[in-house]
Each structure stands twice: as structure tokens, then as C-alpha cells.
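The next part holds the structures, each set out as C-alpha cells.
Both complexes below contain chain A, partnered by chain B and then by chain C.
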Partner chain A sequence: MDETVAEFFRRTILKIPITEMMAVLKAWDFLSENHLQTVNFRQRKESLVQDLVLLCEEKRASLNDAALLDIIYTQFHRHQKVWDVFQMSRRPGEDIDLFDMEQFKSSFKKILQRALKNVTVSFRDTEENAVWIRIAWGTQYRKPNQYKPVYVVYYSQTPYAFVASSLLKSNLPLLGQALTVASKHHQIVKMDLRSRYLDSLKAIVFKQYNQTFETHNSTTPLQERSLGLDINIVDSRIIHENRVEKERIQRVTQEIFGDYPQPRLEFAQYKLETKFKSDLNGGILAEREEPLRCLVKFSSPHLLEALKSLAPAGIADAPLSPLLTCIPNKGMNYFKIRDK
Partner chain B sequence: MELANAQSQDGESKGGVLAHLERLEIQLSKSHKKLEEPQREQAVESALGTKIHKLRLLRDKLSAELKQRQARVKVSAANVEPDQTLEISEQEILERKQENVKAILQAYRFTGISGKLTSRGVCVCISTAFEGNLLDSYFVDLVIQKPLRIHHHSIPVFIPLEEIAAKYLQTNIQHFLFILCEYLNAYSGRKYQADRLQSDFAACLAGPLQRNSLCNLLSFTYKVEPKDQSFPFCARLLYKDLTTALPTDVTVTYRGTDASATTWEEQRAAHEHMFFTKPLHQVFTSFARKGEKLDMSLVS
Partner chain C sequence: MSVLRPLDKLPGLNTATILLVGTDDVLLQQLAGSMLKEDCASELKVHLAKSLPLPSDVNRPRIDLIVFVVNLHSQHSLRNVEESLHHVDSTFFLGKVSFLATGAGQESHCSVHRNTVVKLAHTYRSPLLFCDLEVEGFRTTMAQRLVRMLQICAGHVPGVSALNLLSLLRSTENPSLEDL
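Up next is the complex of A and B:
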């Protein structure tokens, strides 16, 4: 086995936490049960990794097998990457999309390989008719850098592709072209949506985040759900002031945010380029001709849940600004606000 | 004499006279009392007598009332039972009616399209089915405003909901729902066939079934006899009409190396015809049955 490939194996296996080692190796399915039984999993990690690399060498594992292992590791640790969302479009009135996964894969690979001789492209099919693509970029003269790959997740017959941000922005147009042509679209555009949580991004663009529906079969009446501020708890020691207002806030919040768990985002960023608006006459800021430029960024471990709890906690007025509440509906968490 | 006694012996006679007077007074009052006592006793007696009389009257009155009441209670007890059972049965009837209506509303989903009014509009439920098998349900929550809009839904992203809504939602909501129903039922049917093929006839397939999200392109390599070693046929099914669950294009190729080409060609053509006309998993079921028939003929 090539030295670089062996090193790639070593570094990839070393990344895997011991607790996940068995699960990842089983998902990889390159080393069988019998092979794995010959390895002592209780030794120190470095020795374990060495044994596994030797085993891979024995079984003549290729660069492709290593790339596949890398994909599986990334699937287990998808939150470690920041994902962008791209939207593709077709010309109107086009034929039905008869998507052939094998055709897509071969077309995608061909387009990249024709443009860049040095590129490693690997695929792994997943459930829901989706595919994870791993691309290691090289240049005309340099071999592909296996340690800075780009990942793309594509669900067949949808217009969206999820791309783990790569530092090599120069390769993005080529990637876009390959995706568009292979999936039989005409245009690709980067959405203003970014997060670590791939599943939340999918829920937002596929509009899967609100899945509670009223039917005659459901027994729980919707009115009984509360936001944690349950005014109906009768405790005579507590006197609720502003009860009417609290109930209004609860109602408005529920109308806007619903009863479902919010998709998970870490931030929302607003770039403002607006003139200063003030009721007071005069003032230095009001007289400026040029618009003010500033950046407002909201960060949170779970931004939408945090926004949902602002009004009930008394920190903000209800209803919240539509700039904050439109995030999942519009599928954006980067905004540019200009004067109209 | 009395005076003389009184004058001569003042002290003794005074004592004597006063004492005498006292004694006389006492006698008098005693005799008065003796006279009074029977009177008083009589008075008391008569008072007691009237009291007794009054109490007797009261007793009679009360016992009469009691008897009346008892009689009334018996009568009303006889009447009350039918009244109460009448009330119970009315309530029961209403409850049963309510349950009936609820059950009918719940059962409406078996018609394929059902809905429930919501505070802002209506939540439509499209229940898909294929050949008598009830499959997934999909929801569209509509807000009744001008213009009509979809609040949220559970339609998969690869069904062209926006296109269909753009064409029909504002102008003809019935048509919108029917078209959506067609798309979803056809998708459910295709998915059902592909799932059944993968699960029930995995032994007849070489490798996994190639499919896509809409299940409108299926590609697989298969054999007819489970005991065959090789997988001689390749099939490629295209469903260009998204409102149907049967393919529009079928290509079956024979990739074996058998010399007797004509029988294989016949089989190949027959398979193609079957894939056009029958649901996918039923084609494979008929393969199995033909195999059984052959076995039976060999045995007999």
C-alpha cells in the first residue's frame, strides 16, 4: 500500500473515538466480523490504530476504501462541519425528472475529472434516496489533498444540495456546474442559509419542521398545550398579575412559532445599510446622507427556541419582529437590509 | 274578759292575744289553702287535661300527615322510575349519536380525501391506497383568505406541489385537491410496489433495487427461478406519467450466454409485457406460481 494511503488510513482511524470505533467499522463493512475479532480493541488507541492499518494493508484496501471510511466518520460527526445550502432550478416546462442514481454519479465524476485531472470523488448512498459525495481537490500538478475534502449531500429529485464549507472557494463554481449538469438542472444559487445542523437545514428547506396537523383522529386538543408558563396551575400562594397580557403573549407566540420543535440554527446575521430614522428633529445621525452600515448577529446554541421564549420570558414584546420570525419560512439566516 | 285580761296582764295577754291572733291567722290561711288546693288542683288538672287534648290533636294531625306523605311517596315512587329512565336514555342516545358522528368523521379518511375545519381554514388529509392496501396519509393545511394559501403540509419535497398550486389553487380548489391526490396515490403505489419487490423477492434480485425518490425509475437484475445460479435478465422501468402506478417504458434485456436464443427471447418479450400491465410485485408472484406449476407438472 502506498505510504500516503497508509498515512491517510492512520489519520482517519485515529480521528474515530474509541466508543464509536466498532460502529464505524461495521458501517464501513470492509473488514468482516472475523477480521475484527483478530484485533484487540482494549489496547491503547495508538496500538489499536496501528493494528487496524496493518489489517487494511493486508486486505489491500484502496484509497477509495479510505475515502469511504472518511465519509462514514463525517456522517457520524456531521455537526463538526458547517453546511451551506444551494438551490438549483430548471427551465420551466421541462420533462419529468427520471433520476438515475448511477447516471448521476458517473456524470458528476466525469465532469470533475475532465476539468481537474487530480481529483478523488467518492459516493455513499444513504436512506431516503440520497447520496453523500466526498471530493478531494488537487490541481493540475498536485495530487488531491485528502485532508481538506468537500462533502455534498444530495437528495434525488430535489432542487437542494447541502455542501460542507470548504476553504477552497475557487473550486465552488466547478462543483456547482457538476451538480447542476449531473442532476439535469440549469442554474445553481447559494442560499443565505448556513448551519452546523444538517438535519435542521433539511427540515427547513424541505418544509418538514411543522408536522402537526389537526385531524378527527387526534385526541389532544390543541388549546391545552402550553409554553411552560402554565397559568392554569392553581396555586393560591401565587398571584398572577397581568394575566390577560400573559395569555395574549402565549397565544401570539403559539401562532407564530407553533407547537413543534424548532429547527436548530446557531445564529442569524443582519447586515444593515439604512439611513438613521428618528422622531427627534436634528441630531447628528439623522442628518447623514449616506446610509449607516452595521452588522447585527444573534447567536445561540438553539436560536429559534431562544427567540420563541423571548416574549413569554418578558424580555421582548410579542409579536416579535418579522425579521426574526421569518427565518424558517424564508429559509434564510443571513439578511441584507437596505432602504427601499 | 278579754279586755281585763289584756289590761291586767299586758305582757302575757299581749303575747296571748297576738299569739292567738297569729294562731287564728295561721289557721285561717291553712283553711284557705285547704280550700284552695282542690281548686288549684282542679285548675292544674284541667290545664293538664287541655294540654293532653291539644297534644292528642297534634298527634293525630301529624300521623295523618305522615300517612298522607307515605301514600304520596309510594305513588310518586311508582311514577318516578319511568321519568328517570326516560332522562337516562335521552342522554345515552345523544352520547351514542355523538360517538357515531365522531366515528364517521374518523372513517372519512378511507374515502381518500377528508378534512377538518381549523381556526384559520381547513386541514385536508389525503389518504393513499394501492390495490386495497391503505398506505401513507399526507396533509395540507389551508388558510382560507384571499388569496388562498397553504400554511404547512407534509407533502414530500419531490412532488411538484408548488406547480400544481400555482395552476389550480386559486381558481379551482377541487381540481387542485384531485390532482394532488392523483400524484400522491400514484407515488404511494409505485413506492409500495418497489418496497414489496425489495422485501418479498430479494432472493430473485442480484444486488439492491436501483430506485429514486419518486420511484419513477427502477432498474434491477433478476432471475425467474429461485434455484437458478445466474441472474439472466435486466429490467429498466420508467414511469414518465407521474399520475400512474404502472410504467410507461419497459426494457428487459437478456444478458445470459445461452445458445437457445428463441426461448429466452420469448421469455424476455413476455416479461416486458407483464411489467407493462401488472404491478411489479405481482409479476414476480406470477413467476413463482409458474415455477410451481412447472414443478407440479414434473411431479405428475
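Up next is the complex of A and C:
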């Protein structure tokens, strides 16, 4: 095996935590049960990795097998990457042929290889008609850099593709072109939606987040639920004076956010470019011709749940600003606000 | 405009009622729970309100002590308390009102300066207590203190009145308060 490939194997296997090692190797399915039994999984990690690499060499594993292992590792650790969302569109009135996954893959690969001689493209099919694509970029004169790949998750029955942000911005147009042409679309546009949580992005874009499940708990009267108490026994010596107002807030919050768990985002960013408006006549700021620029960024481990709990916690008035509540509906978390 | 007056109702038998006013509903509820866990000879009642004035159509007992809770992390809670203070009759401020500031432990999250609450309490001639209500140990201690203050304000402790308590508490205040 080539030195570089062996090193790539070593580094990829080294990344996998010991607790997940068996699961990942089984998903990879390159080393069979018998092979894995010959390895001692209880030794120190460095020795274990060495043994596994030797095993791969024996079985004549190729670069493609290594790339596949890398895809599987990333699938297990998808939260480590930040995903952008791209939307493709067809010309109006264009007929949609039946989608052929194999044709898509070979077309995609051909387009990239024609443009850039040195590129490694690997595919892995997953459920829901989705395909994970891994691309390692090189240049005309340099071999592909296996340690800075780009991952694309394309749902073939939809016009959406999710791309793990890569440092190599220059290759993005080529990637877009390859995706568009191979999937028989006309145009590709980057949406203003970005997050680490691929499943939440999916839920937002495919509008799957607002499904309430029928549970027997839904028959509890609004009043009890609206107090939002964790303790089961409500002490009758505690009297809430603003019961009506609290119920109103709970109702408004529920109307806007629903009963279901919110999709997970970490940021919402608002870029303001507006001219200064003031009640006073004149003033230095009001005379500026250029708009004022300002950036407001909200960040949280779970932004939408945090926004949902603002009014019930008494930190903000209900209803919240529509700029905050429109995020899942519009599928955006990066906004540009200009003067009308 | 309904204004809270301290002596406009007859007291209930052996009952002491405290009114907690603040925007942080969760913290108020936790404090109420801690207070009710205390052993107390009097029957305690805790009323929680986000702001004043209180809804007027409710039959409520006489309120013996009002505690205004300000969260130092939130300008909104300070403004809320400032506006609610207008709905309290001035005779309440003879020992039956107290201020509680929470959140001082997390300096980096504080958007209300400590001195602002100190000045507010000084303006209304009422004691100011500091307690991080999120920490259970501190909350329990504060609950004990409030229960004791409440009993005095309700007149259940012989020989000590709310006004006595006020002058006692004031002498332990920071002497440079007059300079503010």
C-alpha cells in the first residue's frame, strides 16, 4: 500500500473514539467478523490502530475504501461540521425525468474530473434516497488533499443539498455546477441557513418540524399546563396574582411555537443597514447619507427553544418580534434588513 | 387606579401574607416554595405577581409584607419594579416593603449596577437584601429571613413591630448611604 494511503488510514482510524470503534468498523463492512476477531480491542489505542492498519494493508484496502471510512466517521460525527444549505431549481415548465442514482453519481464524478484532474470523489447511499458525497480537492499539479474534504448530502427527491463548509471557497462554484448538471437542474442558490445540526436543517427545509404527536397527555386542561410547574403538587398557599396574563402568554407562545420540539440552531444573525431615524429635527446622525451598519447576533446551544422560553420566563413580552419567530418558517437564520 | 394600602383590611386569624413582585416567575416560585417549607407558627400565604397593580376583582387577604425582586441581569425587571412602586401607598414603606436583588454572583451577566438598586432602596427608605435565588443554599437562608420578617410585619412577634425592625435593619446599612 502507498505510504500516503497508509497514513491516511492511520489518521482516520485514530480519530474514531474507542467506544464507537466496533460500530464504525461494522458499518464500513470492509473487514469481516473473522478479521475483526483477530484484533485485540482492549489494547492501547495506538497499538490497536497499528494492528488495524496492518490488517487493511493485508486486505489490500484502497484509497476509496479509506474515503468511505472517512464518510462513515463523519456521518457519526456530523455535528462537528457546520452545514450550509443549497437549493436548486429547474427552468419553469421543464420536464422532470425519473431520477437515476447511478447516472447522477457517474455524471457528477465526470464533471469534476474533467475540470480538475486531481480529485477524489466517493459516494455512500443512505436511507430516504439520500447520498453522501465526499470530495477531496487537488489542483492541476498537486494530488488531492485528503485531510480537507468537502461533504455534500443530497436528497435526490428534493432540490436541496447540504454542504459542510470547506475552507476552499474557490472550489464552490465548480461543486455547484457539478451538482446542478448531474441532477438535471438549472440553477443553484445558497440559502441563508446554516447550522451544525444536519437533522434540524432537514426538518426546517423539508417542513417536518411541526408534527405534533398524539399523546394521552394532551387532554390535561390548559390551566394546569400553563402554570408550567415542574412540581406535581401545587401548593395551595401559593397564589398567582397574574394568572390571566400568564395564561395569555402561554397561549400566544403556543400559537407561535407550537407544542413540538423546535429544530436545533445555534445562531441567528441580523445585519442592519438602515438610515438613522429620529424624532428630533437634524442632529449629526440624521444627516448621514450612508446607512448605518450594525450586526446583531443571537447565539445559544438551542436557539429556538431559548426564544420559546423567553416570554414564559418573564424576560420578554409576548408576542415576540416576528423577526425572531419567522426563522423556521422562512428557513433562514441570516437576515439582511434594509430600509424599505 | 388601585393602590395597595397596608391597613385597609382586617387581618386573618394567625395568618401572615407576603407578596412577591418580580418578572422572574421561576425564581419567585422557588422562593415561595422554600418559604413554605419553613416551620412557622403562623399560617403563611405567598402571593406572586409579575407587576402592580394587582387585578382588583379578587378577594385577597391583607398583605403584610411586599418584597420587590430585581434581577440584576435584566433591565426589564428593574423597570418593572420601578413602575410597580407607584401603586403602593406611602404608608406601606414604614417597614412593610423590602427589596431583594438577585444575580449579583454572576458579575459578567449583570446589566443593572449594584448602586442603582442601593439608591432605589434608599429612596424608598426600605431595606435591601442580596441573594442569588438560583442557589438553593442561599435561597433557603433568605427564605428563613423573610419568614421571620413576615411574622414581625404581621404582628405575630410580641414586642417587635415592623417599624422597630426597619430601624434595626437600617443601623446595619452601609454608613456611606447618606452620601449617595
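Here is the rule we use: the second predicted complex is superposed on the first by the 305 of 340 C-alpha atoms of A that agree within 3 Å, B and C clash if a C-alpha of one lies under 4 Å from a C-alpha of the other, contacts with A are read in each partner's own complex, and residues count from 1 in each chain.
Rule of thumb we're sticking to: contacts are C-beta pairs under 8 Å (C-beta built on N, C-alpha and C of every residue); 3 or more make two chains touch, one makes a residue touch a chain.
Because the structure is predicted, anything quoted here is derived from the model rather than measured.
Participant: Based on the superposed arrangement, let me know which partner A:Lys207 touches: chain B (first), chain C (second), both, or neither?
Facilitator: In the superposition, A:Lys207 contacts chain B only.
Participant: Looking at chain A, does chain B or chain C touch a larger number of its residues?
Facilitator: B
Participant: State whether A:Asn129 touches chain B only (first), chain C only (second), both chains, or neither.
Facilitator: A:Asn129 contacts chain B only, not chain C.
Participant: A:Phe298 contacts which: chain B (first), chain C (second), both, neither?
Facilitator: Neither partner.
Participant: Go through the superposed model and pick first if A:Glu102 touches only chain B, second if only chain C, both, or neither.
Facilitator: The first partner, chain B, only.
Participant: May I ask you to decide whether A:Ile238 touches chain B, chain C, both, or neither, giving the answer as first, second, both or neither?
Facilitator: second
Participant: On the A-aligned overlay, A:Phe335 touches which partner chain: chain B = first, chain C = second, or both, or neither?
Facilitator: After superposing on A, A:Phe335 lies clear of both chain B and chain C.
Participant: Going by the contact rule set out above, which residues of chain A touch chain B in the complex?
Facilitator: 95-102, 128-129, 155-158, 160, 205-208, 210-211, 213-217
Participant: Write out the stretch or stretches of chain A touching chain C in their complex.
Facilitator: Residues of chain A touching chain C: 228-229, 231, 235, 237-242, 244-246, 312-316.
Participant: Hey, which residues of chain B end up touching chain A in the complex?
Facilitator: 102, 105-106, 108-109, 114, 116, 118, 123, 125, 139, 141, 152-154, 156-158, 210-214, 216-217, 219, 238, 240, 242
Participant: In the complex of these two chains, what residues of chain C are touching chain A?
Facilitator: These residues of chain C touch chain A: 19, 22-26, 29, 32-33, 36, 43-51, 54-55, 58, 60, 74, 76-77.
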